[in-house]
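A, B and C are the chain letters, set down in written order, and residue numbers restart from 1 in every chain.
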Amino acid sequence: MLEASGLTKTFGGLTAVENASLRVPPGAIVGLIGPNGAGKTTLFAMLSGFLKPDAGRVVFRGRDVTGLPPHEICRLGMARTFQIVQPFGAQTVRENVAVGAHLRHRGRAEALARAERVARQVGLGDELDKLAMNLTIAGRKRLELARALATGPALLLLDEVLAGLNPQEITEVIPVIRAIAAGQDGAAGVTVLMIEHVMQAVMNLAERVYVLANGRIIADGAPADITSNRAVIEAYLGQGTAERLRRAQGAVRI
Amino acid sequence: MLEPSILLASALNGLTTGAVYALIALGLTLIYGVLHIINFAHGAALMVALYGVYYLHQRLGLDPYVSLPIMVPAMFAAGYALQRLVIGRASHGKEENVLLVTLGIAIVLENLALFLFKSDTQTIDTPYTFSTMNILGATISVPKVVAFAGALVVAGLLLLLVGRTDLGRAIRAIAKERQGARLVGIDVDHVFAMSFGIGLACLGAAACFLLPAYYVNPQVGNGFVLIAFTIVVLGGMGSFLGALLGGLIIGLVESIGGLWLGESLGQIGIFLIFIAVLLFRPQGLFGARA
Amino acid sequence: MRELAAIAVFALAVAAVPAFVTSGYALNVVIMTLYAALLGQAWNILGGFGGQFSFGHAVFFGTGAYAMAVLQVKFGWNAWAALPAALALGGAMGALIGALSFRYGLRGSYFALVTLAFAEVFRILANTFDFTGAGVGLMVPLAATAARMQFASPAGYLYLILGFVVAGFVVSWWLKHSRYGAWLQAVRDNEESAAALGVDVFGVKLRAIVISGVLMAAGGAFYVQYLHYIDPHIAYGLGASVEALLAPIVGGMGTVWGPLLGAALLHALGETTRNLMGDAPGINLAAYGVVLVLMVSFMPRGVMGLFQARGAARGSTHA
């Protein structure tokens, strides 16, 4: 589905991502983890066309999409969410999601209908006519997800859609992501690449995890292999990560 | 080919005008650098200051240069109040809103002036209005030389103020990092208003230097607004040195360009520079690439 | 569809006015209000629906006006043939300015200032060349016949401007109910998000400024036909630009009815100040300036904001 190789991005003197490569096979849920400032969001931005990589290539569905503008990449079937949510604040939830739906539906009525279905799918069914700016954090995260999903993607890039949610909300959203990946209501499953700090979610959802630290991919493998090796994590992800993991696991039981 | 002496006179003329432009642009760039707003009412405020100087001369017989200690604080106070009471409350977090509000203020000022003073163009008569002096063989009007020197002095004072005083430190802190400045206890709203006040105080000084060799009417500010914007973007938004150099450059371009193209087409050069800089080099001629 | 019906009812009601009102003064008030609404509708497409605030819409107005005048006076074209050319030139001007500004990512105040600079450039050009009558301007010879888009009675002009305004209404309605409109409003609210959802931000903005330019040029064309005269200051001065942005800001940006409502309220205000203060120059415009400051400060959603149920919901969280 997605194959990135040798991606590099520097900002001034700072190398945010260095020679990062990853592969997302069709139908998979793949996790991308790493400490704050590791370069995860920057890597996403290069995959989705928001940043031009200084070096490296992105191949999506067999096509080289390196350096294409974001809207064209989205049209090819890769949709992303933003870590810092960016709703169209003055528009309703329905209208927000319809913008995504319009990518594959010209008619206004069709797009609104699809928006409603997708919003229900992520649990926003009761807030369809609320202004996006009036949603809670959890609501806005769901909205990010719904908008991206409404574009009918083959691959979803999720940037910390669980961050800022309380444990109860997290347990609600995890099955939503699983259902999106599995496909439902006759829709085909969507391949997912997700950045996540909530380790339990990654453990729970992803079948493969990449670890990014200081801009480099330092490990990848099955989640159990990555997280079972506490010493490795402590060494690569820095002091305190093990502690955070323990807290996260204590807080979230699924 | 043009005579070298004409060229020299034109260049000197351009430099003297440019210095006054620079003074006007310094106020604008200070306001931009600190508040991140574009003060569309800058030209209208200059017009108000020019009327101030004019009436101080007509009614009280004050020489324009003697009016300096009146006009500078008066414009400062007006600017302080305007920012605190009107502009500061209007933005709702959108810079375009501020542009609209300052446009509204410009419209009000210009039309009130039209109502109060009529549309006639006024000049004042001083003993030195028509006196000239000789520099390197070129003849140049004395008020323009005074304006040139005065503008440079005021610009120097402004640089000292921002560079050396506590207020200047606060201004620079806010220009760099607004949120951080708030956190370390700087009264941001006060400094905003001070900056706006200082920005208009520059116009008070500019008006005193300008009027002896210039004129005033309700529309006089319009001609200066876009020129001042051009200088500010040319010099790099928020840069004092850039505004100073930019002012001199624009003065030269206008004056020497006018030799070839005639005055009105010479103005086009300025606007084309403005458009080109905004499009291709928004950080200004002297700024580092963002 | 209900809104389309409302637009139709409005059009029929205005079309019926000359049957009941014969006073030239009253008809002129209606015509000038519709004219202000048209300029507002034009600005509203780009500024209200698209979030790109222009301070130089006069550049489109003036282009439409001069195209109309020059083609008739210097080239002997019939007005009805000149009109499509004037509209096309307005659109072309939009494409030129839009392509430059949006390609280089100008936004917010910078976009506003660049449009203003373009208007100034054209004002000076129009002031310089004989082709446009230079500073004297151009006079379109009187020939009160519909065949030359001139009319003996004000009713004819009323139908002409009403036609343009209805076109403006239909475009605004379409923006509220189409994919393109949804994209345009998405770009207004958040360009990055819009791009992430597959919206070609540049293309969407470019189309908006072209449509806006065409409609604004219609305003310029109407001006020339109605008043038979154009000069550089009227065509490309700040006045037309301000008139265009004032009505939607007062009435409600990004709404279908805002520009008309704003134009009507501003005209009412203008008449009131004239009655109170006499015809003193400046007072009218000063009042408009005060209204602009007050609206942006206290009612950024315009008068239409009062009618919208959403207002309450929005106000409650927007501290």
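Here, a residue touches a chain if its C-beta (ideal position, glycine included) is under 8 Å from a C-beta of that chain, and two chains touch if they have at least 3 such contacts.
Every value quoted in this text rests on a predicted model; they were computed, and no experiment measured them.
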Minimum number of chain-to-chain touching steps separating chain A from chain B: 2
Core chain by centroid distance, with centroids computed from Cα atoms only: C
Which two chains share the largest set of C-beta contact pairs: B-C
Euclidean distance of C-alpha centroids - chain A vs chain B, Å: 50
Distance from chain C to chain A - Cα centre to Cα centre, in angstrom: 43
Approximate Å spacing (C-alpha centroids) for the pair chain B, chain C: 32
In the complex with chain A, residue positions of chain C that touch it: 177-179, 182-183, 185-186, 189-190, 192-201, 310, 313-314, 316-318
In the complex with chain C, residue positions of chain A that touch it: 48, 50, 69-71, 74-75, 79-82, 86-91, 95, 98-100, 102-103, 105-108, 111, 130-131, 133-134, 147-148, 150-151
Footprint of chain B on chain C - complex, ascending: 53, 55, 100-101, 104, 106, 108-110, 112-114, 116-118, 120-121, 124-125, 127-128, 238, 242, 245, 249, 280-286, 288-293, 296-297, 300
Sites on chain B touched by chain C in the complex: 37-38, 40, 86, 89-90, 92, 95-101, 103-115, 118-119, 218, 222, 226, 229, 262, 264-265, 267-268, 271-272, 274-275, 278-280, 282
